[in-house]
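In the two complexes that follow, chain A is the common piece, with chain B as its partner first and chain C second.
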Partner chain A sequence: MNAVIEVDGVTRRYRSTTALDAVSVRFEKDVIHGLLGRNGAGKTTLMSMITAQEWPSSGGVRVFGQHPHENEQVLPRICFVREEQQYIDDARASHAFAAAAMAFPRWDQEFAEQLAADFKVPEKTRIKKMSRGQRSAVGVIIGLASRAEVTFFDEPYMGLDAVARQLFYDRLLADYAEHPRTIVLSSHLIDEIAHLIEHVVLLDEGRVVLDEPVEQLRDRAVTLVGRADAVGELTAGRTVLQHEAMGRTARTTVLGGLDDGERRRAGELDLDLLPVSLQQLVVHLTSKAEQHGQSGQREQHERNA
Partner chain B sequence: MTVEMASQTASAERATEHRSSSLARVPAAFRLHLVNRQLIWIPLIVFGGAWALSLGIGLWAAQLEPAGSGPDDPVYTGSGQAALWCLAFMAAYSGSHTFPFALALSFSRRVYLLGTLLVFLMIAVCYGLLFGAAAALEEATDGLGMHTYSHALPFLVADGLWVAGLTAAAVALMLMLIGFGATMLYRRFGVVGFWAVLLTLTVLTVVAVLLTVQAVGWDGFWGWFGRQTPLSAAGWSGLVAVVMAGVDYGLIRRATP
Partner chain C sequence: MDEGRALFVQIAEQVEASVLDGTLEEGERAPSTNELAAFHRINPATAAKGINLLVDRGILVKRRGLGMFVADGAREVLRAERRRQFADHHIAPMLAEAGVLGLDVETVVELIRARGVPGRGAG
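Here is the complex of A and B:
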């Protein structure tokens, strides 16, 4: 594997909080990564460190094998448009694209114009007067048309409606297929981007709690559906992520995969085995802390859910 | 993928593999400030507006004088400096709006600052030329026929119009870099840090003035200012501008969007 971004033991402290706590992670070349985590988990801080917009309190970041801070050999190859990006006052989208065209060596103006038409970005409206979704679209277009070798999308879907989000996913995949590059998508809408991403990095309270290819995650948990007593037989003693009971039928999600014997038994008991969504896994993995504190309440809540 | 697209991709890859100059994107950073040209036309409006206003006041004052009351004394106004304060403000404003976007465009802070310095230098030179031209016009027409001088002020034109223009340019550059520095100071240290630094600087200045006065007396202190020429004023302004450029880089290196 060929890592283009190497983050080694990065800690970032602000006055009273630790935004990142000894984070070590690698992002591979030409792979679409999902950077997931709750609000305040440290996603934007991590992206800011990698793009040299901020710097670590300790630890090191390397992009293309070099330190990115003030490094013009590295920076033109990176694009990071923030979630609430501030643009030049009174600038229109075309102004922002013109500035981006000068900044990014691989910029594709035709692609930018096509995207602006697809997303219906108004030509004459100043960016600060645009709706939230239109502003997000401007950021998304800069990210896509920059064709930067390392591109970050920070909650790119904010304010975008379902049609526009789908358009973004479609264009991203199509352009990625033609121009493979390293993409890092930070998002809350985990299930919506699950089919896009090949690798997941999950942050929780400034720490990496998961760093795995999406393929491997599928074996991390399983959902069993069927007769309540049969489900109970196979899930006894396991960590239950979610449990729903409807009359005599139960639907239980447990951590860990089933071995061959258990799968055979599930077949005999006429149970359906369903893969667990990325979102469910993430919710479980990022709520461990609360689980410890309020396990009783949580189980109750899950049973009611 | 079409042949054309393939060749575009290949050339783009070559471009990025090739080690490019660290200053290659300075022109792009320069043009970032001129995306909407506010930095140019707003000071121009202030320049023209303030001049027109001072001429109007001059005209009004002339009409108050009883007719045939002897030769008119020339009227000197300070409206030439209005554009200077506008430039200082616009430099601060431009810094606050272009800096976050410059980081999104992955400019290094150094490249962004170099582009900014070049824009400010260009504007300062334009302001100096405009100031010199306005002074020349006032000299040639006896204050536009109204004896009202806003640019051809006795101190400034003492060594000629070119020196007056140079002084105006140097002062403009200095004020723009101070304005820009104020924005970066705020970005770097936040609002509390901004005022803490400003208060500290004020206290240090007052102490320095008092110590100087203690040593040379008020006459010596003011006398130093009285001995300055337009050229030395340009020199001092230029010196402060150079120092501010260094200070600005120190601030921007660790400023966050």
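Here is the complex of A and C:
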């Protein structure tokens, strides 16, 4: 594999809070990544660091093998679409596109205009006066049409309805297929992007708790449903993420996959084995820390270290 | 899509199903990675993995510069494979359900006969 972004031991402190705590992570070339985590987990701070909009308190960031800060070799190749992007006061969409055309060498004006029509972005309205959804669409269009080698979308969907979001996913996949590049999608709508991403990075309280191909997550956890005693037999000694019981029936989600012997046994015991969705796994891995406080997080961190 | 099996396996199975029922004929061009990705709204890498599974098994063949094509004899390979799996995939669950309901094997056989045998008319 070939990392275009290398983050090594990056810590970022603000007065009393630590937004990122010794984060080390790599983003591979031409892969669509999901950057997930709860509000305040450090996602935006990490993206700001990589795109040279903030400095780490300690640790290092390299993009295309170079330091990104004030680096004209690097910055035109990175596009960062923020949740609430600020535009110049009187700017219309066409002005924002013109500015993007200057900033990004691979900008595709025709594609931008096509997208503006698809998303029904008004031509004559100032961006400031647009609805939230229309403003978000302007950001999404710049992210797509810039064709930057590394593109970050930080919750770009605010105000976009389900139809517009689907349009974004479809255009993103189609354009990525034609022009492969490194994409990092940050989103709370995990179910919507689960099939779009190839690799997931999950942050919790400034730390990386998950960093692996989506395909491998299937072995991360499993849910067993059936008679409580039978479920108990196979889940004994495992880390239980969630457990519900109703009469003699139980549903238990545990960390780790089942080996062939255990699968056979589950069959004999007439248990249903359900895979855990990315959304469920994220909820389990990030709410656990809350239940168990600091020590729980540390355990989590060590397990993943 | 069903979450039970890995997504790329499901993609491969859908292409297989098209070959089995003749929607995709032998020698015909199979959907490309990008077509599958766009149609199923999934990452192209996942679609590629599904395609590779079929190439490894000789169901699809790559023709340089032209794309993926359904291999000669692919349909028969798939039919033979599905026949081998038929008992495990279809008969075993049916008998398990029959057991729960207290239906004996004779009754199940009667029920199958009453449905008629596929390919020979329903009688």
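As a convention for this text, the second predicted complex is superposed on the first by the 274 of 305 C-alpha atoms of A that agree within 3 Å, B and C clash if a C-alpha of one lies under 4 Å from a C-alpha of the other, contacts with A are read in each partner's own complex, and residues count from 1 in each chain.
Throughout what follows, a contact is a pair of C-beta atoms (placed from the backbone, for glycine too) under 8 Å apart; a residue touches a chain by one contact, two chains touch by 3 or more.
Just so it is clear, the structure is predicted and the values come from calculations on it, not from any experiment.
**Student:** Of the partners chain B and chain C, which touch A:100 in the superposed model: first, second, both, neither?
**Tutor:** The first partner, chain B, only.
**Student:** Scan A:62 for contacts with chain B and chain C and give back first, second, both or neither.
**Tutor:** neither
**Student:** Among the partners chain B and chain C, which is in contact with a greater number of residues of chain A?
**Tutor:** On the superposition, B touches more of the residues of chain A.
**Student:** For A:38, using the defined touch cut-off, is the partner it touches chain B, chain C, both, or neither? Pick first, second, both or neither.
**Tutor:** neither
**Student:** Applying the document's definition of touch, where does A:77 land relative to chain B and chain C: first, second, both, or neither?
**Tutor:** first
**Student:** Look at A:89 in the shared chain and tell me whether it touches chain B only, chain C only, both, or neither; answer first, second, both or neither.
**Tutor:** The first partner, chain B, only.
**Student:** Output check: A:174 vs chain B and chain C. Expected answer is one of first, second, both, neither. What do you get?
**Tutor:** It touches chain C, and chain B stays clear.
**Student:** Between chain B (first) and chain C (second), which does A:148 come into contact with in this model arrangement: first, second, both, or neither?
**Tutor:** first
**Student:** Is A:196 touching anything from chain B or chain C once the two structures are fitted on A? First, second, both or neither.
**Tutor:** second
**Student:** Would you mind listing the overlap between the chain B footprint and the chain C footprint on chain A?
**Tutor:** In chain A, positions 178 sit in both the chain B and chain C interfaces.
**Student:** Sort out for me which residues of chain A touch chain B in the complex.
**Tutor:** 48, 51-55, 70-73, 75-82, 85-91, 95-96, 98-100, 102-106, 108, 142, 147-149, 178-179
**Student:** Quick one: which bits of chain A touch chain C in the complex? Just the residue numbers, please.
**Tutor:** On the chain A side, the touching residues are 31-32, 169-170, 173-174, 176-178, 195-198, 214-215, 218, 274-275, 277.
**Student:** If you look only at chain B, which of its residues touch chain A in the complex?
**Tutor:** Residues 1, 5, 8-9, 12, 15-16, 19-25, 27-28, 31-32, 35-36, 38, 93, 97-98, 100-101, 103-111, 253-254, 256-257.
**Student:** Which chain C residues qualify as touching chain A in the complex?
**Tutor:** 1, 3-4, 6-8, 33-34, 37-38, 40-46, 49
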